[in-house]
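Some structures to go through are shown next.
Note that subunit A is present in both complexes that follow, paired respectively with subunit B and with subunit C.
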Partner chain A sequence: MKRREFLKVTALGTAAAALASPVQACPGELRGTGDLAIIIERASGSVVIVDTTAHEILHRVEGLGDLSHASAVYSRDERYAFIFGRDGGLTKLDLLEGVIAKRILQAGNAIGGAISDDGKLVAVSNYKPGGVRVFDTATLEPVADIPALYDKDKRSKTVGLVDAPGQHFIFTLYDAGEIWIADFSSGSDPKITRHKGIGDLPYDALITGDGRHYIAGLFGEDGMTHIDLWADAPAPRRILSGYGRGEKKLPVYKMPHLEGWAQAGGHFLLPAVGRHELLVMDAGTFKEAGRIPVHGQPIFAVARPDGRQAWVNFAHPLNDTIQIVDVPSLKIIHEFKPGPAALHMEFSPRGHEVWLSVRDSNQVHVYDTSTFKKLAVLPAQSPSGIFMTARAHRIGL
Partner chain B sequence: MQYHSIIWLLLSSLMGICLVTVTSALALDETRERKLTHLVRQDCGSCHGMTLKGGLGGPLLPGNLNGFESEGIASIILDGVPGKPMPPWQGELSKEEALWIADNLKKGFPQ
Partner chain C sequence: MKRREFLKVTALGTAAAALASPVQACPGELRGTGDLAIIIERASGSVVIVDTTAHEILHRVEGLGDLSHASAVYSRDERYAFIFGRDGGLTKLDLLEGVIAKRILQAGNAIGGAISDDGKLVAVSNYKPGGVRVFDTATLEPVADIPALYDKDKRSKTVGLVDAPGQHFIFTLYDAGEIWIADFSSGSDPKITRHKGIGDLPYDALITGDGRHYIAGLFGEDGMTHIDLWADAPAPRRILSGYGRGEKKLPVYKMPHLEGWAQAGGHFLLPAVGRHELLVMDAGTFKEAGRIPVHGQPIFAVARPDGRQAWVNFAHPLNDTIQIVDVPSLKIIHEFKPGPAALHMEFSPRGHEVWLSVRDSNQVHVYDTSTFKKLAVLPAQSPSGIFMTARAHRIGL
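This part shows the complex of A and B:
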């Protein structure tokens, strides 16, 4: 090897070693995790850990399995992310070291999870076998298995799993049309409350940031189901029934997400299923208070943390566009096209920036939410979900 | 033009037509195939999983589709399943494209 070539190879080796080093720039250097985030790279089974202050990728971690539709929750100290993969993988990721602390395959097919308010239990929502499994966050050892049984021996896929105050987990049975509340306050054998007949094909659910309202979206009916968890005897009731009755629904190429529902200014803004509309719902009466025509079928309508704006993205084939709603006036004040498959938006904890995955450009964009200026572009492979560590301290995320 | 060269011309153009027909049934042009592969993996994948092992929608691996003809699968793709979340893709996809997807799902879908 000639000297020049040798130098080149050595330089490359050093660069690769620098990329592979843990999050700490120098050994022993201290840092917090409050401004870190992870970005799911759905096609390659990897995640990147980013510093959201410096707009820098700190580390890429591979070997997390099938991450299509993956999501994550955080430990109370914001050091560990628990990542839920499609293939039933549950991965505990150490953000400081940039390594997988532990990984298990807990089911055959899964769809997200939740962490208890005390940070001790992590629950996973499974399609196969249908039900919820709960693990110790320290060890990922199993704590409880809750099969979603109905009609004697059938097992339902579960969706809309969230944490609720008092070491509760709440989830919805897609095939059975039921909502179950699992209470872990007295140990590892949960007390389960079943609410039946909540509606046809509930596809997702959310809990409001105050932990009071659990709302499930129904695919099989025009309407949603609401449980007021603060009621003396919480019971499901239909809301927004027939919001599209008599109108022809458009084909739904992607199910809307309910997490991140914009609750702002006394209103909820929520994606209508199969319509180019956001529904405006009165947050006190749960009655429809209006509609906002938008660019396509909305997927996410996410409120900036102060509630002043809601950012909306759309289903295939109109998923290259973002619209921003001014909440006080309920008017669209800005629209832009970041690129094909703008899939996921995550606000910084106090909302000065939004991070946006543009899957088919293999990029993550960072925007200033007051000027709408693009501040940074980071490379990522087929990026989807973005999860900031501040989620550790919010109910239902 | 001599008689046998006319026959030859006819034969070769027929063969040409045959070749074109066969190709369009089995393979679309390469750019479109790449787009369809991307669509199936990414957009169908949001319900059926990127590895097509299933999610809210059922699994679409060869073993799951043994009992189905490609034509039947293609019509589900085009018409959707009423009352279920599977949407009709006609308008987005042609019949040939739906058949191409169905054939390839049965064979084991390309990455």
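This part shows the complex of A and C:
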């Protein structure tokens, strides 16, 4: 049996059988990279590389350190993933060879990263030491260090790091309540623009798919902060007062992820903090335009790439369920229970399929988004984030 | 000198020198495919395969037949291009090996094509015999033949063929004035929905990037036809009366390409037929919201992927000039003359660069879209369309 066939059989077999059969890396095969993806195996510090067309596991790669809350971005040729670990590890993974091309420990504690629009710089958001470090994507050699200094010599944790057009990185200082824009268009010594007083304890942020709007969530007060980056003089302003956990002290099991906002049909759909609701926000005015009752406290509300559906998952103890919102009517059109801890979703680039991590079943499911039929089940060890290479071509991902 | 270095030197040398040195295909190299592109050499029936990161020519491939008005789509792994020739040729090109993987003559006269969202079907729009033919992307074996029959036994030319979510293809019957939707979600025998009486002589069409709106231009009367595919019962309706060439018989040197519409900032920018203007259309109401005076009769108005700029080129005899519109202000912020017959533009997926064919200089230029600086010049023989592999991941491209 050829290796590929073996892997296919494994993928269709039970998760337990597959976990007992370690997948070996093999020499690189001449193939396109546009339909590859990685699946983070958070508990074991490993990732699985998959062929999303064949629904096949190609490689399992170990030794990536602490991958709780890990995320990834891609080189513009879609050959390499840059994986950001919680322990400050930055790993460059070769998807074709199925091996680690390079790995560095760039800080003591980190949370996510971004890649510049020209593909030359990879930036990491650090808690310890607080700030952003920037590396050359070819070599992982350091290019710039941006300590998040405030109040003379304090250093803030940084969150919500994204790329924006023009070799810009944007990030938020959790402790300082600031948003910084770092412009690398003139080289390795960035021009930094600081926006102070943006709100109390900003815990995460997002940028819209057009790179125009940067929005930070606030843990310490109601509302959020918005910057229109296309304005003549971009400046932070408060939006959505009433959003956040400041005023209503509801129990919050898990803060919603802002990168999970769905933008579709002139609206954003976003998880309401601590409530069994999605908020509907007008994408032009940034004002609340309605609410949609849902099954539990929503974590992610992710738009299918065409924006016609949004898929929603939920916090513990209701995290075995997925609901699907029809965006034109804002109604729930489907609900199902894939299994315990269905926590991460990733759509194929044109939206015909969705890949879903069911962590406590040690499975990744693939569904047809038109019929909602389950198309495939792949084994993975405590899978969390799924990242397809098509992200290489998107602003802010 | 290694082959790659030779090609780089060639690319930086004069176009004439390069044309005298035929580029040899070489065995495939292990590499990602996310940053590749093809450039159509219309007069010689050849294409050039380029690395858009290195600004390097990798291969030149000949023998693709009549490539006037040729276009291309990509397999979802971004390894293969499907190139639609004017002579009915359908060529599957292997970008990694730099060779033709398969080529068929599927009709006598054709105009463009599309690939299904799952990557399994490639469809071609034919003038002779009028209709759409659909092939398996793996083998180019025929899957379905859809003759564009009307008035008993007449066959219409078909135009404006696009993909839409759910394994749908949509196309327009030029002679019959109809729009057909072919749904392949149940297999190779498509369910066809016909919309009749959509207007006189529809000559081209587009679908918006979210797959929601299909809009056909009319040559025989003023106005255009729009179908909202998300509606409960999608139906054609007229929009933009006054657009088109019916009422005002202005000299029209070249009909504008509808796939060149820019959608950005809540507006569409579209070339006005026969006038030195762009029309601004409200993207919500589809009503005219203004006009922008420009240098000549616009052919393409293409939005940078973030939507902040639109780049505009012009019909003969003013086709040596490019103008750039700042979308938030709707003002022209830059103008330059790259050379004679600057007819096709393609943005890098996140918009940091634009590639521009200057046909009558036998050159392709690469510009930085922030500074407008020329970054590279590559030689090509009468270059026309430029197609980057990132199109694989976009609806309607």
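Everything below uses one rule, namely that the second predicted complex is superposed on the first by the 360 of 397 C-alpha atoms of A that agree within 3 Å, B and C clash if a C-alpha of one lies under 4 Å from a C-alpha of the other, contacts with A are read in each partner's own complex, and residues count from 1 in each chain.
FYI, contacts are C-beta pairs under 8 Å (C-beta built on N, C-alpha and C of every residue); 3 or more make two chains touch, one makes a residue touch a chain.
Just so it is clear, the structure is predicted and the values come from calculations on it, not from any experiment.
Enquirer: Look at A:H226 in the shared chain and tell me whether it touches subunit B only, subunit C only, both, or neither; answer first, second, both or neither.
Expert: A:H226 sits against neither subunit B nor subunit C.
Enquirer: Report for A:A43: first if it touches subunit B alone, second if subunit C alone, otherwise both or neither.
Expert: First partner only, subunit B.
Enquirer: On subunit A, which partner touches more residues: subunit B or subunit C?
Expert: Between subunit B and subunit C, C touches the greater number of residues in subunit A.
Enquirer: Please work out whether A:H195 is in contact with subunit B alone, subunit C alone, both, or neither, and reply first, second, both or neither.
Expert: The answer is neither, since A:H195 touches no partner chain.
Enquirer: Is A:R155 touching the first partner subunit B, the second partner subunit C, both, or neither of them?
Expert: A:R155 contacts neither subunit B nor subunit C.
Enquirer: Is A:G211 touching the first partner subunit B, the second partner subunit C, both, or neither of them?
Expert: It touches subunit C, and subunit B stays clear.
Enquirer: Give one of first, second, both or neither to describe whether A:R133 is in contact with subunit B, with subunit C, with both, or with none.
Expert: In the superposition, A:R133 touches no partner, neither subunit B nor subunit C.
Enquirer: Where on subunit A is subunit B touching in the complex?
Expert: 42-43, 66, 68-69, 86-87, 108-109, 111, 127-128, 157, 159, 174, 201, 203, 219-220, 251-255, 316-317, 341, 359-360, 382
Enquirer: For a test of understanding, state which residues of subunit C touch subunit A in their complex under the given definition.
Expert: Listed in rising order, the residues of subunit C that touch subunit A are 28-36, 53, 74-80, 95-97, 117-119, 163, 165-167, 185, 210-212, 230, 264, 266, 284, 305-308, 328, 348-353, 370-371, 389-390, 392-395.
Enquirer: Show me the residue ranges of subunit B that touch subunit A in the complex, using the header's touch definition.
Expert: Residues of subunit B touching subunit A: 38, 41-43, 45-47, 49-51, 53-56, 80, 83-85, 87-89, 91-92.
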